Structures are given as structure tokens and as C-alpha cells.
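In the two assemblies presented below, chain A is common to both, partnered first by chain B and then by chain C.
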Partner chain A sequence: MTVRLVKRVGRPVLGWVVFAAAVGIWEVLARSEGSFLVPAASAVAERAWHVWPTSEFLSNVEASLRRLAAGYAIGASVGVAVGVSMGSSRRVRQALEPLVELLRATPAIALVPALIVILGFGDRMRIAVIAFGVVFPVLVNSMDGVRAASPELHETASLLRMGRAERILRVDLPAALPSIFAGLRVAVSIGLVMVVVSEFVGGGDGLGHYILVERSQFNIPEMYAGILFLGLLGFVLNGVFVLVERRALSWHHGATGHGEH
Partner chain B sequence: MASTEAIRSAEGRLRTAAPVVRVASVGKRYVRDGPPALCDVTFDVHEGDFLTVVGPSGCGKTTLLRVLSGLSRPSEGAVLLDGRPVLGPPAEVALVFQDYNRSLFPWLTVIRNVMFPLRRTRVSGGARVARAEAVLDDLGLRGVARNYPWQLSGGMAQRVAIARALVSRPRLLLLDEPFASVDALTREELQDVVLRVHGELAERRMTVVHVTHDIDEAVYLGDRVLILSSAPGRVVGSIDVDVPRPRDQTASRSSPRFLAVRNEIHEIIRRPQ
Partner chain C sequence: MKRPNVVGWVVVFVVVASAEALVRLFRLGDSVPAPTATTRALVTELRTGTLAGEIGATVGTYAQGLAIAVVVGVVVGVLIGSFRALLDASSVLIEFLRPIPAVSLIPLAVLFFGFGAPMRRWIVAYAALWPILLNALYGARGVDRVLHDVARTSGVGAVGRLVRVTLPASLPSIATGVRISASIGLLVAVTAEWVSGTDGVGAYMQRQENAFQLPELYAAVVLVGFFGYVVNRALRAGERRLVFWAGEERLR
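Up next, the complex of A and B:
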């Protein structure tokens, strides 16, 4: 009984112990160094506590989230639409595969200068960079998900006399949903990376811009407070996604036994 | 007046005499100039008949069902359903696959899976639910209507697949080794479910073509057993099973007629072609 209890709570507790140890090591090392360039964990936490609620910081958060939402929405919808059509039609796949493979291999960050030339320094460039980063993991996962559906499902669809559009909507799409969700989740973190990268250039606002400005003014604890916020944001967004996924895909997690931990 | 009635009844008789399914010299090659999977297969199935098709594995049984269901087109010959050539899956045909795991929609509950074939029919929403529930009741699935397929045992899931096939009241029911992936006891249970359904629907004259590699199952279920040779599949025998219905797992299987038919099929299959 006690052994089982220890085993059950053991895993999360162990994780938090390691976490606390890492923060402790940071604290000790930073204090022994005594350099203002490497602030202690407690100093960063204290700064974060004061900076995060300020309206200036929150407006930066809002700007970043707005760009993330816009870029993510565009990238994810294009990714699902193109990926599912590539998965369900061999001709579409053959037509688009070389183009997609080439674009996918191009690092999105490398596109930033080109997009600046085309779209200028404003939000349009930033949203385009984010969308470009988001689109491919979603696209590839959607395509693979559709292609991995069992041939019996497609045969069932034609036995039930489904037309092409109905098959895509009522068979291909739900069959690919677990894989699509995996792609959407990976794309959240990539999207966040692209938000920060796009805000490193061209001034304005946003968390990436904030980090850069605080660094240039040697407000090192403030810079770390911004980084810490981005880390937490990624963590929370991922958690929200896991929750949505668990609800939407309960049939899948049950079927594959991934639901019960 | 009397003459029109006479004509009508004559028409009726003609229609019942014509086969539901006519398979005429069907050959199938999956690759042009490749080895044939089926070769010159010809047979009729009459309304209300339960035909079982038996043969060694790889003899083209599944290919035959695919051609019958309109999933693939024959390379030679033709399949006629009620006199019309089958060019794609007809609305009056339902097929149950061997692997229920792959053919049920895992994202739909049992009742939604069963209701699915009715989605475009003129049956109204409420009537759809009622009809699906009636079929579920009939197959002993009432308690699991709101469950997902993964929550069911193999035997139950295959019952759901059968329910989905029956809900549209097909004229022709095709069964592709539907009991091959369940345990022996469940298999007997499901065999009796299929027999009962076929018997109950006799007044609606549902025709069944059931493919299996199990000779005993073929004899137990069928009115007639069609025997296919190993690849390329051709018809090497057709035996009427004169074991009386309703059939019973112990009595029918131990009856002298059952054993005689079974032995005859064994001999035909073992005979060098």
C-alpha cells in the first residue's frame, strides 16, 4: 500500500526535485560568480514579479500573442487543407510533392530577410514568417495521417457510395485527426520560435523585441524575465493543446491505450 | 382486368426465377498480362439463397467478393445484379470485411456507425435512430450503442459490422471471411446470428454470398457450396447442401448428410486440378 503510494507519487515528485535542484544550482553559481551579467534565479524571479504585471510588458505579450494567433491560424489551415488533399489524391501529391519538399527543407528563419524585402518590417512580414514555420509540420502530419488510414476504410467509403468530397470530410479527415493533432501541437512551439525571431528584427513591440531592448539597455534580469515568460507561455500553450486533444481524440487514445497513464 | 393481373403475376414469376446475381465468365488480373486471380468463373445466385464459397487460401475468394461488390471491375466477363451490370458499388449490396477493426469508423459510437449507411436515404432522423436501434437490439448490441468500437470484444465489434451491413436492408449481403479473426466459440455464435438473420429476412428475400476457407462453416451455413481451385481461382464444384433448416451446431454438424457433403468437398479440393 505505502510502496504503491510512493511509486505513484514518486514520478512527479522526482521531476520537481530535479527542477528545484537545477534552480538551486543556478542560484548558487550566479551568486558565487557575482556578475551582474548572470543574475541569480531569485533576482530574475523578483524582477519578473514586478515587470510581468506592468501594462508595457502586457502590451508586448498581447502583440506577440496576436501575431502567433494570426500566423498559426493561416499556417494551420493551409497545412491541414493542403496536407489532406495531398494525402487523399495521388495526383495532387505528385503535383505538389517536389515543391513542398523543397520549401520544407528551407529553414523559415532564412526567409526572414527575403520577407522583409517583400513585405517590409511590419506585422505582415511577421505573420508570414510564423505561418511559414507552422505550415509544414501540420501539412506533413495531415498527409501522412490520411495515407496511413486503412484501405478497408476507403473501401467502406466507396461501398457506402461516398463521393470524393464526402469521403475526405467524413473518412479521411477524422482518420487523420490523431496525426493532424500531433502536427498542430509541434507547430505551436515552432510558431512561438518564429514569433520571437520575427520580433528580433525591425523594432516595434512584442516579447522578442522586449528581450532585445532590455539586453541592449543592460537590464539583464528584465531580459531573463522576458525569456522566462516565453518559456512559461510555451508550456501553458502546450498544456492547453494536450487537454483539447485528449477531449477531441478520446476515441483514439482509448483505442491505442495512450489515454490511461 | 383479369388479363393485366395475369400479366403482372407472370412478370412476378419471371422476376423471381431470374437470378439476383449472375457471374458470367469472370476473369480478373490485377496487373495487365500478369497472373490471373480468377479465371472463367460462372455461377448464378437466386433470390433468398445462401451461397458459400470455399477454397484454399489465395484462390481468389476475396477477389471474387470485390468483383461482386463493385469494388473492382472484372478484367473479363461481367457481374449482373438483377440483370444490370455491376460497374461500381450498388446501393443494394452490403459487405462485411474480415477485419472489423479496420472497417468500422473508430471515431463514431456503435449507433452512429450503424446509422451511417442511412445518412442519405429518405428515412427521417428519428426513424434512422429507430431503425439502427432495432438492428442493434436484434443482434444483442442494445447495451453498447453509445460505446466506441475499441471498447468492444472482437465478436461484438463484428456484430456491429454486421448490423451496419443490415441496416440498409441490402438485397445482397456479402461476407468476406467474417469470422476468421474471432475465437471458436464466438465464431459459432456469429454463424448462428447470420443464419438467424438470413432466415428472419427470408420474406424480404435477402441473398447472401459468404466466403470462407473453413469447409465445415461453408456446409453449416450454405444452401449451396461453390468450390474454387487454388490460383487462378476457377469453379471446380458446386454442391447443394440438403441439410434441413433451421440448422443446429451439434445436430446438423453430426448429421450423415452434413458429413457426406463435407467429405465430398474435401475430395474435390484435394483432387489434383
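Up next, the complex of A and C:
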């Protein structure tokens, strides 16, 4: 009994102990080095505590989140729509596969200069970059999810005399949901990367811009505070997503008897 | 052997041809160069060696960073995945570091390593590390216990089991991680070059954009895209050979 209790409590505690030790080592090393490049952990925490609630910082956060939301919405919708149609029709898949493969291999930053020329330096360019980064993981996962759906489901659908559209909507899409969600979740962290990439260019605002500016002004603890906030943001967004996913897929785990994919 | 997908490549050709037609018809040359102009620029810049040198620099730092990530990621991932205590100990630290977007560390890396190739090598290594490490970890955790028991009763020691049971069994998962890391690493490499502006394709693109040399700019974009495509193809082909037993379905 006690052994089990120790084990259950001990596991997460050990992780936190190691984490605290790592932060402690950082603190000690930073203090003994005295290099301005590595501020002590406490100095970064103190800066973060003061900087994060300022209206200037929050407006940067808001700008980044707004872009992420818009780019993610566009990229995810396009990804699911194209991915599901590629998955459910062999002809569509054949027609689009090389094009998708070529585009997918292009790093989004390579498109930034081209998009700047077409869309200017504003939000539209940034949202396009984010959408481009988001679309491919969603597309590929949607396609694979539909393709992996069992043939029996399709036979049942044709026995029930479902039309093509109805089959896609009521059979293919639900069957592919776990895989689609996996793609959507990966896309959240890729979207965050794209936010930063798109904000590195052309000034303006946002968290990526903030980090770059603080570095160029040698406000090193502020720069660390910005990076930390991005990590926190990624962590929280991922956590929220896992919750949504669990809700949305609870029927699926029940229906198939499988756990998480 | 798969037959080449003729329809798909015809579609690619049609898209490029319509881009050419649109640019010429509506005189969009000021904001989008025609594909023919881009191709001409690509050939010229490759022949004069300008672009060839830049892509060479990119490939060099990218390959070094990726190699570091593969070695560290596989070793650390397999170890953590094999020993429950290590997993418990490192879980919080991993969960803390993993969500930090690697590109946001570029300004930090610039402070430590300056604007040159070492900065880019380390930032690529950091970005590419996580998918490989996590996939190695999951792969090692998913190893069939029976395999271990058989190995142990056959007198294979702990280290031997790690190398001869856990590692091969996690290879399919590791290969997937390497493939993901390869595309993230390329993105980070080019972004870091763009930010630092010293050498590499990213820096080249930044210069062409400032000088408004659109065909040269697009030529670099096409070149990077093509390189990414080749890397992805090569990795998939390598994967098929290396983990031939894992089945074709995982490979997309």
C-alpha cells in the first residue's frame, strides 16, 4: 500500500526534482559566470513577472494569437477539405499528389519574400505563411485517415445506397477523425513556429518581433522572458487541444474499443 | 516498382504553364516573375556558381545539425525509453523545453555563436532533436517485452539488449522522427540564414528581395523546395531499405 503510494506520488515528483535541479544549476552557473548572455534564472523570472502583464507585451501576444487563429483556421479547413477528397478519390489523389509533395517540401520561410512582394508586410502575408505551414500536416493526416478506413465501412455505405457526398460526410470523415485530430494537433505547434518566422521579417509587432527587438537592444532577460512565454503558449495550446480532442473523440474510443492513437 | 504518376505531373505542368500565361497576360511581372524567367535565373545563377555556393553552404550546416540531432536524439531517446526512472526524471524537463519554438531561439543563438555557420548548425540540431528523441523514446517504450525476455534467457546482457533488441525494434519509429526532423531542420536552417544574412540560401533570398531581383529570388525558392523534395524522397527510399519489415503503410 505505502509502496504503491510512494510510487504514484514519486514519479511526477522525481520529474519536478530534476527540473528544479536543472534550474538551480542554471542559477548557480549564471551567477558564477557573470556573463550578460546568460542571466540567472531568478533574473529572468523577475523580468518575466514584470514584463508579461504590461500592455505593450500583451498587445504583442494578442497580435501573434490573432495571426495564429486566422492562419490556423484557413490552413486547417483547406487541409481537411483537400486531404479528405484526396483520400476518398483515387483520381483526385493521383492528380494532386506530386503538386502537394513539391509544395510540402518547400520551407515556409522561402515563401516569405515572395508573399511580401504580393501581399506587403502586413497581417495578410503573415497569415498566409502560417496557413501554409498548417495546411500540410492536416492534409496528409486527413488523407491517410480516410485511406485507412476499413473497406467494410465502404461496402456498408454502398449497401445503404449512400451517394458519394453522403459517404464522405458520414463515413469517411468520422472514420478519419482520430488521424485528422493528430494532424491538427501537430499543426498547432507548427503554426506557432510559423508565427515567429513570419514576425521575424518586416518589423511591426508580435512575439517573434519582440524577441528580435529585445536582442538587438541587448535586453537579454526580456528576450528570455519572450522565449519562455512562447514555450508556455505552446504548452497551454497543446494542453487545450488534448482536452478538446478527448471530448471530440470519446465516442470513437468507445466505438472501436481502442485507446488513444 | 511503382509506375510514374503521369496525371499528377501533368497537373504540375499545367499549373506552372497557367502561371506563365497569367503573368504574361496580365503583366504581373513586377510582383511575380514568369516561370520561364525564374528558370533562366536559376540556370544562370547555378552556372555562375553564386546560387550553387549558397545552397552548398546551406546543405553543409543543415547536414551537420541533422547528424548531431540523430546521434543525440537516438541515444538519449532510446535510453529514456528503456528505463522507467530516466523517463520519470526527465519528463518535466522535456515537457518544458519541447514547446519552445526552435526559431525563437535563433536570436539567442546569435548572441552565443555569432552570425556564422556554428550558430546555424546548433540551432538546426536543437530543432531537429525533438522529433527524433521523442520518436526514439516511444519506439523504445513500445518494444515487445517478450523480445527482451528471450534475449535475457539467451544470455544477452543489458547493454547487448539495448543495442540488439531495443534499437532495432525502435528503428521504424526513429526513421519517422528523422523524416519529420529533416523538414523542420531545413525550415530552421533557411530561417536562421535569413535572420543572420551572412551566407546560405536564406541570406541570398534576403539580398535578392532587398534588391527586388524577383526571378533570382524565386529561383532560390524553387531550389530550396526541390532540395527539400529530394531529401524527403531519399529518406523514404532509405527507410524502405532499412526498416523493410515495418510495412509500406507508414510511408507516405
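We take it that the second predicted complex is superposed on the first by the 251 of 261 C-alpha atoms of A that agree within 3 Å, B and C clash if a C-alpha of one lies under 4 Å from a C-alpha of the other, contacts with A are read in each partner's own complex, and residues count from 1 in each chain.
FYI, a residue touches a chain if its C-beta (ideal position, glycine included) is under 8 Å from a C-beta of that chain, and two chains touch if they have at least 3 such contacts.
Everything quoted here is computed from the prediction, not taken from an experiment.
Clash-free side-by-side placement of chain B and chain C is the outcome of superposition onto chain A.
Chain A has more of its residues touched by C than by the other of chain B and chain C.
When the shared chain is aligned, chain C comes close enough to touch A:Ala95, but chain B does not. When the two complexes are overlaid on their common chain A, residue A:Gly231 makes contact with chain C while staying clear of chain B.
In the superposed pair of complexes, A:Ile220 makes contact with chain C only, with no contact to chain B. With both structures placed on the common chain, the touch criterion links A:Glu33 to neither chain B nor chain C.
Using the contact criterion defined above for the overlaid structures, shared-chain residue A:Ser158 touches chain B, although it does not reach chain C.
Contacts of A:Leu192 after superposition on the shared chain: chain C is touched, whereas chain B is not. Touch criterion met: A:Thr106 reaches chain C, while chain B stays clear of it.
Closest CA pair between chain B and chain C after superposition: 18 Å apart.
Contact residues on chain A toward chain C in their complex (touch as defined above): 10-12, 14-19, 22, 37, 91, 94-99, 101-114, 116-118, 140, 143-144, 148, 189, 192-193, 196-197, 200-201, 207-208, 211-212, 214-215, 220, 223-224, 226-228, 230-235, 238.
Remark: chain C residues 5, 7-9, 11-12, 15, 31-32, 85, 88-93, 95-108, 110-112, 183-184, 186-187, 190-191, 194-195, 201-202, 205-206, 208-209, 214, 217-218, 220-221, 224-229, 231-232, 249, 252 touch chain A in the complex.
Residues 69, 71, 88-89, 91, 93-95, 97, 99, 102-103, 105-107, 116-117, 120, 148-151 of chain B are the ones that touch chain A when the two sit in their complex.
Interface of chain A with chain B (complex): residues 150-153, 155-156, 158-161, 171, 174-175, 177, 251-252, 254-255.
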